[in-house]
Amino acid sequence: MIERVRVAVVGVGNNVSALVQGIALYRASGSVAGIRRPVLEGLGVGDVDFVAAFATSPEKVGRDLSEVIFLPPNNYPRIIGELPLSGVTVCRGITDAADGAEVDRVAAELAGAEVVLYAAPSGRPETALAYAEAALRAGAAFVNTTSDPVARDPQVLDRFAAAGLPLLGDDLTSQFGTSIVHHALLRLLEERGLTLTSSYQVNLGGTEDFRNLVEHGEGKMRSKLNALTSLGEAPDLVEVAPLGYLPHLKSHKVAHINIEAQAWGETTVSLDVKLKVHDPSGAAGVNIDLIRMAAGASRQHRGGHLDEAASLLKSPPGTAV
Amino acid sequence: MIERVRVAVVGVGNNVSALVQGIALYRASGSVAGIRRPVLEGLGVGDVDFVAAFATSPEKVGRDLSEVIFLPPNNYPRIIGELPLSGVTVCRGITDAADGAEVDRVAAELAGAEVVLYAAPSGRPETALAYAEAALRAGAAFVNTTSDPVARDPQVLDRFAAAGLPLLGDDLTSQFGTSIVHHALLRLLEERGLTLTSSYQVNLGGTEDFRNLVEHGEGKMRSKLNALTSLGEAPDLVEVAPLGYLPHLKSHKVAHINIEAQAWGETTVSLDVKLKVHDPSGAAGVNIDLIRMAAGASRQHRGGHLDEAASLLKSPPGTAV
Amino acid sequence: MIERVRVAVVGVGNNVSALVQGIALYRASGSVAGIRRPVLEGLGVGDVDFVAAFATSPEKVGRDLSEVIFLPPNNYPRIIGELPLSGVTVCRGITDAADGAEVDRVAAELAGAEVVLYAAPSGRPETALAYAEAALRAGAAFVNTTSDPVARDPQVLDRFAAAGLPLLGDDLTSQFGTSIVHHALLRLLEERGLTLTSSYQVNLGGTEDFRNLVEHGEGKMRSKLNALTSLGEAPDLVEVAPLGYLPHLKSHKVAHINIEAQAWGETTVSLDVKLKVHDPSGAAGVNIDLIRMAAGASRQHRGGHLDEAASLLKSPPGTAV
Amino acid sequence: MIERVRVAVVGVGNNVSALVQGIALYRASGSVAGIRRPVLEGLGVGDVDFVAAFATSPEKVGRDLSEVIFLPPNNYPRIIGELPLSGVTVCRGITDAADGAEVDRVAAELAGAEVVLYAAPSGRPETALAYAEAALRAGAAFVNTTSDPVARDPQVLDRFAAAGLPLLGDDLTSQFGTSIVHHALLRLLEERGLTLTSSYQVNLGGTEDFRNLVEHGEGKMRSKLNALTSLGEAPDLVEVAPLGYLPHLKSHKVAHINIEAQAWGETTVSLDVKLKVHDPSGAAGVNIDLIRMAAGASRQHRGGHLDEAASLLKSPPGTAV
């Protein structure tokens, strides 16, 4: 029987709630509904155990992971009837510039973890690097789900490679989201010989992550546009409206997509799409794969970047910081 | 300079209106907007001339093709400012069981045509076969856009093959329509590991073709369901609502598609799509390719079925009658 | 303290499931969410007790009402955690032409009931009348939720009036449904001076009631059109597509409404609406009011038709049978 | 026969384009499609003549009004085949703090005008007041379509009243737009006893007016929310997403509205609406009424505010500046 992956999580937000609950749900039910890769590197989605967790908010520190995932501002729904205590007490995470002693403290907490899933809010690159350093010292692989550059730092990547530890990052794609649907439809039009006239997407959401994106300016709009145009769409025909943070949506993300095109005879074709997903599920559905890839490679002493992870990452090594 | 294809049309409905007008539009503008294959077999979309046309309605017979395409119940819009007279007078078509003399009369009218585009209403297989016979006698390729079995009749197919004349049929796909979009989205879900819960499509239209389909029962619903399930969708999860004939839509077709699925954690994903197209444009965008394929092969003395046409046909030879 | 209304139900379908569960839910929670009239005739929505129930299916007869509401083909969801047994055993209902003895048997079962809610499938007018007769003999008011004519039978109405027993019918409106939304939007356009160009609605559902409507032809389409046009809409501009029975929708009803109009300068205005409701909730939300109206009037010895009920009925006395 | 109203316009943007073209269209066709009040104060919509026009952009000054309405950034469509020259040459408008001489110059240009329609961009209150002053001196009524306070300035209002000249403002409602539809649906829910759970609206547009609103912050979001909540909606349940300026929409405005509510049994009702209008048509459809009200009252020497105009204005006298 395969040994379960021992995972430490940094940040206990909605995405970790979706991951922790989903693993428990699938372990209990044996269902594989909504799972992209039921088995990966010989590991099922239930073959993951949590062994450590870090958070900075005083309300979270010192409590069991299974409780902390439901504290506000987390608003991912309860998807499993009863979630037993995990036995993992959330530790105090790194808040400021971490010195060597602080990194050693974190490394000590990581003892026994095979994979560190870094899922704190984006925007604190020093903190991200400090956790990566602690993972290295503790002999754990590192998965950076934020847009802060860690795997794109060639020196850091080299050190993980040398240590035979995978370093997967940066920034997650989603299992299923607006860009994927929008892109697929634009591709379909092109394949069928239709000529795009104009297109837009609007994204609305209610998570803390969404609020951060809205408050930190147009970052995501541009990255969303990049996500589409890097795939070949004429950039001036596709428009992305400002993100809307709507708290009532809770962990839902809603997108409205419109596509106008010309078919034979230059006659009009129009497509209107409404997409509604749970945003954290899209992240968890990718994290479960990155964790298993990292564990599988780590057990085979394959370190650094993994080619098989590239399509799951928005900014893999080699892309612009 | 390449010789233009000389085409005869049987039936002067919306689909022929879209074809005739579209060719004139593109020839005048030089645009390629909405064209899937600007050049095929060396032929541009403007390299098609109409040389004969057949209809059964007394109001249509004896008038110029360029006028007849705008007569009711045709309701495809006028997409080109001014359409000059074509010089083709619409002939009386076959109405009943055609005897040999009648077939000879039609064959004589077809003299000089390279390709016969059979675009009459579906549901009269004897008539379809009579026109195919006339095309054979006149030395013209035959394109059957109806669901009546012609290319699926092995004896007829053999005779065309022996004569070095292409026989393309039966039944058109569309350049872009509900099944294509619905199928692409279901595929996308599957690729991303989502689990389909349920899905439906509703199709509404205002053309005579649509009215015929509605009045002749559930034919198309079943064929639409086939179109999806033949592609692997679990047949019991995808439902097709009855077609709705709504005259106000004129030549528009509107589809409402809903998809419900489960993502990670068995959380719900929903997709709602409204698609609006001009139905006859979807047919014309395929007919223009079948005509050019037929002409190209005919000029190379390749007869019978053409592999390159198979993806443009719903029921190519070998599929069930 | 007010005396609770004692209700007998005929037919134990989705609508009765919604009513029974809703009453229990509101009684338990004290909530008034989704209730149109929290108090009517001094009666809260929890002030209703079930004292008898009739069904014809052998699986239903002899079991407790609280179990029977969940038997297939009922597919209204379980909206309350735990529903205690009601203490009401479902009796065998009238299946064929009921003779006097049969009516007496039913009347005996109705002993103690103040209001009989007739919620069997439409299409059996003799049966409806037999239950009305039994109610009269038992001294109970009668609410006919089907389209079968009972309250529109002047002789029957007179006998209820003479007995001081309310007779409310025929056929329910919905608390909230397609016609209401469609009509409100068409009215709004008119008020603002827009000129309607065309409009359609499509209705999709998954209940047994829906299946019956689909199988028994276009009845509802026409009645839906009537519902709109009786309100003044130009009948030839509003089209109703065929009903679609889609089992996966379960007790949901989904409507797609489109409205196209002209504003200033004859420029186009378009409105697309998707409406999703639980169909049986729309019935229960009206039945709870009819029951309380009937009980209130009965206690005041006001019999026959009640003016205050007219707006809750599609075909009150005086309208065409 | 009634004397036509002589109107001067300040600002030659999309809204004036819609007004000028619409009047010509209706005058030519005799149609009343899309007109709220075909006759008002005895005046038809065609009974309006333009006698002066002001603009600040050098490309506009000195050219005929009928040409200027089509200059970019105006992007309202051409809705009438051919628009003859108006004979009105666009004059240089007020750009800076206008001294008395400048006001006199404008007043001289206004000679003969009965109504001045002030339709410049919002945000220059001094300029608005200078034009109002010029109108007073010229003996013309004044309609302020901007959000700058003119009619809400009690001293200015008094002077118009004393002069027997109507002063209508400030800020236009729309003939038909998002707030109207959203509000009507929320009202409908309430009437039917549904309990609102949450609701949002997103507004997207492509006009210069829209760009100004987006660039000048959340002004309109808040005013939109006010528009809804002043009508009684629980303010914390209705959310308005940031405006999206999408140039490809040109003069269209698109709104996506979602409403989630509870019906009987606390079951979910959801409504999704897409609304697409030409924004300037909504303004012109109201301006045509304000102009006729102003002219009618002026001819009767009724000056100052007009009660009949209040419902067409967002900020009539007495509301907060």
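Residue numbering begins at 1 within each chain, and the chains themselves are lettered A, B, C and D in the order written.
To be clear about the criterion, a residue touches a chain if its C-beta (ideal position, glycine included) is under 8 Å from a C-beta of that chain, and two chains touch if they have at least 3 such contacts.
Here the structure is a predicted model, which means the values were calculated and not measured.
Participant: Hop distance check: subunit B to subunit C, minimum number of steps through touching chains?
Facilitator: Graph distance in the chain contact network comes out at 1.
Participant: So if I look at the partners of subunit B and the partners of subunit D, which chains show up in both lists?
Facilitator: Intersection of subunit B and subunit D contact lists gives A, C.
Participant: Indicate the whole-number Å distance between the mean C-alpha point of subunit A and the mean C-alpha point of subunit D.
Facilitator: Comparing mean C-alpha positions, subunit D is 47 Å from subunit A.
Participant: Hey, how far is the Cα centre of subunit C from the one of subunit D, in Å?
Facilitator: 46
Participant: What parts of subunit B, by residue number, touch at least two of the other chains?
Facilitator: 272, 274, in rising order.
Participant: By the touch definition up top, name every chain pair that qualifies.
Facilitator: A-B, A-D, B-C, C-D
Participant: Under the stated contact criterion, what part of subunit B meets subunit C in this complex?
Facilitator: Listed in rising order, the residues of subunit B that touch subunit C are 197-200, 202, 204, 237, 239, 241-244, 246-249, 254, 256, 258, 272, 274.
Participant: Using the touch definition from the top, list the residues of subunit A that touch subunit B in their complex.
Facilitator: 18, 21-22, 25, 31-37, 77, 79, 175-176, 180-181, 184-185, 188-189, 192-195, 261-278, 281-282, 284-285, 288
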